[in-house]
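In the two complexes below, chain A is the common chain; its partner is chain B in one and chain C in the other.
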Partner chain A sequence: MISLAGRDILHSWGKFVFTGVGLGLLIGVTLTMAGVYRGMVADARALLDNSGADLWVVQQDTLGPYAESSSIPDDSYRALLTLPGVASAANVTYLTMQVERGQTDVRVMVVGLANGDPSTSGWPPYLIAGRHITRGHYEAVADISSGFALGEHITIRRHQYTVVGLTRRMVSSAGDPMVFIPLKDAQQAQFLKDNDAIWQNRRRTLANPALNPPGAPRLAEAVLASQSTNTYVNAALVTLAPGHDANAVASDIRRWKRLTAYTREQMEGILIGKLIASSARQIAMFLVILATVSAAIVAFIIYTLTLDKIREIAVLKLIGTRNRTIAAMILQQALALGLTGFVVGKITATFAAPLFPKYVLLMPMDTVRALVAVVIICVLASVSAIRMALKVDPAEAIGG
Partner chain B sequence: MTGTGIRIEGLRKRYGKGSTAVDALKQVDMAVAPGEVVGLIGPSGSGKSTLLKCLGAIIEPSGGRMVLGDQVIYDNGWQINDLRDLRRDKIGFVFQAPYLIPFLDVLDNVALLPMLAGVRNREARRRARALLDALDVGHRAAAMPSQLSGGEQQRVAIARGLINRPPVILADEPTAPLDSERALTVIRILNDMAKSQNTAIIVVTHDEKIIPTFKRLYHIRDGITREEMGDGRLP
Partner chain C sequence: MSAPALRRRAFVLTAALVPVLALFVYVAVNSGPMAPVIVTLAQAEARTITPSLFGIATVEARHSYRIGPTAAGRLESLFVDVGDAVAAGQHLGAMAPVDLGERAQALEAAIQRGAAGVQEAEARHSQADDRARRYRRLFELGSISEEQATAARDDLRAATAALTAAQAGLASNQADREALTALQDHLKLVAPAAGLVVARHADPGTTLVAGEAVVEVVDTGSLWLNARFDQRGSAPLASGQKVNIELRSRGKQSVTGKVLWVEPVADTVTEETRAKILFDPLPAPLPAIGELAEVTVSLPVQSAVVAVPNSAIHRQNGVTGVWKITGRSHEFVPITLGVSGLDGWVEVVAGVAENDLVVHYSEAQVSAGRRLKVVDSLEKTAP
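Coming up: the complex of A and B.
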């Protein structure tokens, strides 16, 4: 038996190809939207993976350091090191800001790294070019997606940092590339005031007799010094000694240190469940709308194509074609249209994904799910056309 | 008349019920022998199309009897289960317009019927090609219907009606869109095919050009048929 659907498609291939391409672009957008969500989740996980921590210790009762602001004294890590099960603890600061790059600016997350070596928590685990930070000040390691090159200078607040190393896939949960600088510099950058503000503050302090009493000139100096230094960090990254349970150590930190500690699972829950949850719902809404539009397009095209063939369907029924043969013809056309659209969509998404400013992760399982969804949509979309075709009276071929 | 092509006795068809009922067919008696071509003529509203639909097993008569070959297909009720198979295997249709499937080439338009009946594609196409050759359109086998002239299309439609060698062919105004010469050619083809394939052919027409070509005619008026002899002059 010849394929009636195939012959019809070949006969009106132009209509099919154009419709398939249009549908494919829609499917491509759908796949890309799913990829955007996957990319956000992957970025969030990459942030946690690359920090190298088992526990995140933050200000009490906050969801810091990524989902909320958090501020803890920079000597807290010493107290953490005394707890059983804590192998290492390192301070870290995070500051999202725009930095200039040539004539444009780029949004980055500036990470302040504690002194140490690449095995210290918070440090980028690997470089793709250059070296790690070795000096105490004004050196930076940048994620390649920031656009900075080795030897370039990054201006953060009032200071310039020389890019000495480049890394990859070190991004914030929002997908912003990271720039790593020494912790002291980062602490200063977080709280550094402009010159006018410093001058005004100094004037007010010196004019205050309580802070600048006659006969005690060193008091004012001490007050001024405390006002211009920052002794806080956003979090301490803790690694566990082998054999210790993360939840137990986190519980000890909460109890004895009056700080909040999150395990890897809890932090992932905060990032994915809270920080990007609304974005995920938004994307889900888009996916539903796109799926509905795709279904409507397939249904409309298949219905129109069937409507164009009413007389032929009447003749086919009159000469003894079974309903299932006619239904199969319409269904096969709908599936062919959907599969054409799927192939076009997959190719479009694959080539378009790298062009997006943020990470778009196209996962094979999402592709499989999209294929299943396309098949289901095509089957459902062909129902109305099949119902119409089956209602066609063979007598229409005779007239009268 | 020798043998049985199709025989119809006291066929009736009533549309509606009660006071609004209309008797489209009141008393239809016909018999067409294998190899014979008869005309069925009548004015508009006389019941021609209703009769054709009853004969084609598209609508169910209200009463009477129909015998196709040796098989009683209707006797105050259908005597067979699958009317679709009956239409496919036992009845050929030729329409006023050819109604060829536009997305199939000429060969497959004709071969489709045996394929639907389960004949293998190669065998179906072989039979279709032979029939198209016999109807002098074999050279257009690879063409699409839209590339054919009206006469060629009608010959392909005749080939489609004949391909399953049905005992009866119902032709509904097959010459209406054709000029005199082509109309006579179609009638000549139908006569030749009726003889060569031993098929009974009923031609519904009110085409004055071809009425004289029938040896036997059935007039239908107000749902009642009347048989009369025709001229049988086929130039």
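Coming up: the complex of A and C.
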């Protein structure tokens, strides 16, 4: 049996291939857009995964430490450790800031790590080069996307840090690469201002008669000393002992420690439902528009392809070809075009994904959904083309 | 179009389609969550670990003197400035005496008056004594009445009392003057020991309260480091251990020192153990007091222990361990950690044996179900 669709494709293969590739690029963009959305969600999840915590303990009634600022005294973790069900508790600080890098600067999230071994909560779970922090000060592990190299010296606020390790996919919910530094340095970085600010602050304090009264010369010194210390952290990461319910321990912490505790599910809800909600909806909206436009373009392409061979269809009808054969030809061509576009789209999306500045995650299930959508759109798009083909008067083959 | 031409075209199109489909399959399998985790491997080695403790310190003077008045007053003179070397006992300046000079003059006059008073009392006493003796003899001869003799004796007693009072008044004034002299000496600001002036807080004319420092003098020979170490792992810290000191002003040019003592009281707020470290020898030029320094204390060497790089240590469900490679599969093995060196190698007390292969670097989190792809390096600049 002769495949009419195949014959027609072979006949005008140039047009078919280029249309297929063009459609493929469109599908590729749609897939990438879905990947951008998935990437945002994955970034938010990566932030939670990488912290390795079961519970996030933050300042009372705040959505910290990621969605809102939170500060708790850095000795709160000792009180948390006394609660039943708490296996470990580690302080952590998060601070998004610009870090100088030669003439330019890089936007990063500086994470303060509690002193311990690499299995402590908050530490990067894997590295791709170098080593973990071994000194209690002035060492850093950076995400590779920050562009920092091993051995490089970076300046964070007042101190220089040596990059001793590199990791990957450690990003904030906004996609900023993380730089891990020891907690005490991070507390300083978060609190200590630049030198000019410190000088100005000292002058302000000394000029304030309430803080620098005549007759009590040591008071101003004490006030200045207290101004340049920081005993606060943003959150405590708690891991649970086996067999304990996260919700029960969280409610214990809320009730007795007067702090707010979030479980993994709640934290995910905050990050995905609140922090990235509007940007995710924006992407989703764009994705819907792109998918609609793609569907319209597929329909239009198939319609015009059919329109181009209206005379041939009329001839086919004239020689007595059955309607079903003509319909099958158009449908097969539409599907072939759609599948070619899908394959090209998937390949381009995969190779284009790493070029994006933020993480683009192409999920296999999204690809399957895209395939089903492409098939459905092709079938629907071919309906109007088939209707037109069937209405063709065989006389047009010899007329016109 | 002829049939052979169509066949040729079909062949060409198929030939072009096959690599595209192959690429598609490759892409589908090797991207996203289905892709294998790219890892590098490390071998557990028997090696020598040099554990070290890293801390930060500030340069301080062991002996520092804040010199100022003991009573409120105004600074009259100050002869030294920051950077001046001073000797023990050197007169550095003085507080304004206010009316101390006038009071001294008044006391001087009072002393002279007292001395005259004593002379007068002595003369009166001598006169009364002579009279009393003469009247006693005359009374014994019966030339005068008993009443007259008794009156003369009473006069002598009164003169003796007046003399004692005058002498006591003089002594009191003299003591007052000595006290005033001591007070005047006290207004002088004197260096209690030899050293260097590091701060000058006030200039002449400034009013100061009691105890406020005018100048600060430190003993430059007694510079030491006030070092802080995280309490975790600080147990082996002991006096006498060698210390490598990197002063912030000198970059990588390190100087040496030794632990003088470990403070018996640790900081409860910062959770740090404190220690004092002596320069050995004292660097020249002297570092600024208050300068930040990084100190690395070398602890006893642990030789021939099984160790893995700390980047190979992972956490899985709250358990610390490594991903051990056995044949073509990998499994998570819990480990017990021992000492660790600053170079990133950690002793493994239990869990892995020498020459065991473990996952070192990985491009994503390794899990039991995911395939691994082993490569030599994940990053070109990796050491």
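Observations, loosely collected:
Here, the second predicted complex is superposed on the first by the 387 of 400 C-alpha atoms of A that agree within 3 Å, B and C clash if a C-alpha of one lies under 4 Å from a C-alpha of the other, contacts with A are read in each partner's own complex, and residues count from 1 in each chain.
Note that a contact is a pair of C-beta atoms (placed from the backbone, for glycine too) under 8 Å apart; a residue touches a chain by one contact, two chains touch by 3 or more.
Note that this is a predicted model, so its numbers are computed, not measured.
By the touch criterion defined above, A:K193 reaches neither chain B nor chain C.
Of the two partner chains placed around the shared chain by superposition, chain C is the only one that A:R135 touches, whereas chain B remains out of contact.
In the superposition on chain A, contact is made by A:A397 with chain B only, not with chain C. Once chain A of one complex is fitted onto chain A of the other, the partner contacts of A:E312 are limited to chain B, with no touch recorded for chain C.
Of the two partner chains placed around the shared chain by superposition, neither chain B nor chain C is touched by A:R258. In the superposed model, A:R203 makes contact with neither chain B nor chain C.
Once the two complexes are laid over each other on the shared chain, residue contacts for A:T239 go to chain C alone; chain B is not touched.
Of the two partner chains, both chain B and chain C are touched by A:H11.
In the superposed pair of complexes, A:R387 makes contact with neither chain B nor chain C. Put chain B and chain C next to each other and count what each touches on chain A; the higher total goes to C. With the contact threshold set out at the top, residues 7, 10-11 of chain A are in contact with chain B in one structure and with chain C in the other. Those residues of chain B that touch chain A in the complex are listed here as 48-50, 52-53, 56, 58-59, 84-89, 93, 95-96, 99, 101-104, 108, 111-113, 115-117, 121, 144, 160, 172. Residues 1-2, 4, 7-8, 10-12, 311-312, 315-322, 325, 393-395, 397-400 of chain A are the ones touching chain B in the complex.
Against chain A, the residues of chain C that register as touching in their complex are 1, 6, 9-10, 13, 20-21, 23-24, 27-28, 31-34, 54-56, 209, 212, 229-230, 232, 269-270, 294, 309-311, 313-315, 318-320, 337, 340-344, 346, 361-366, 377-379, 381-383.
Chain contact summary for the complex, chain A toward chain C: residues 6-7, 9-11, 13, 17, 49, 52, 75, 87-88, 115-119, 125-132, 134-138, 144, 149-150, 164-166, 168-169, 184, 214-217, 231, 239-240, 242, 343-344, 346-347, 350-351, 353, 361-364, 367.
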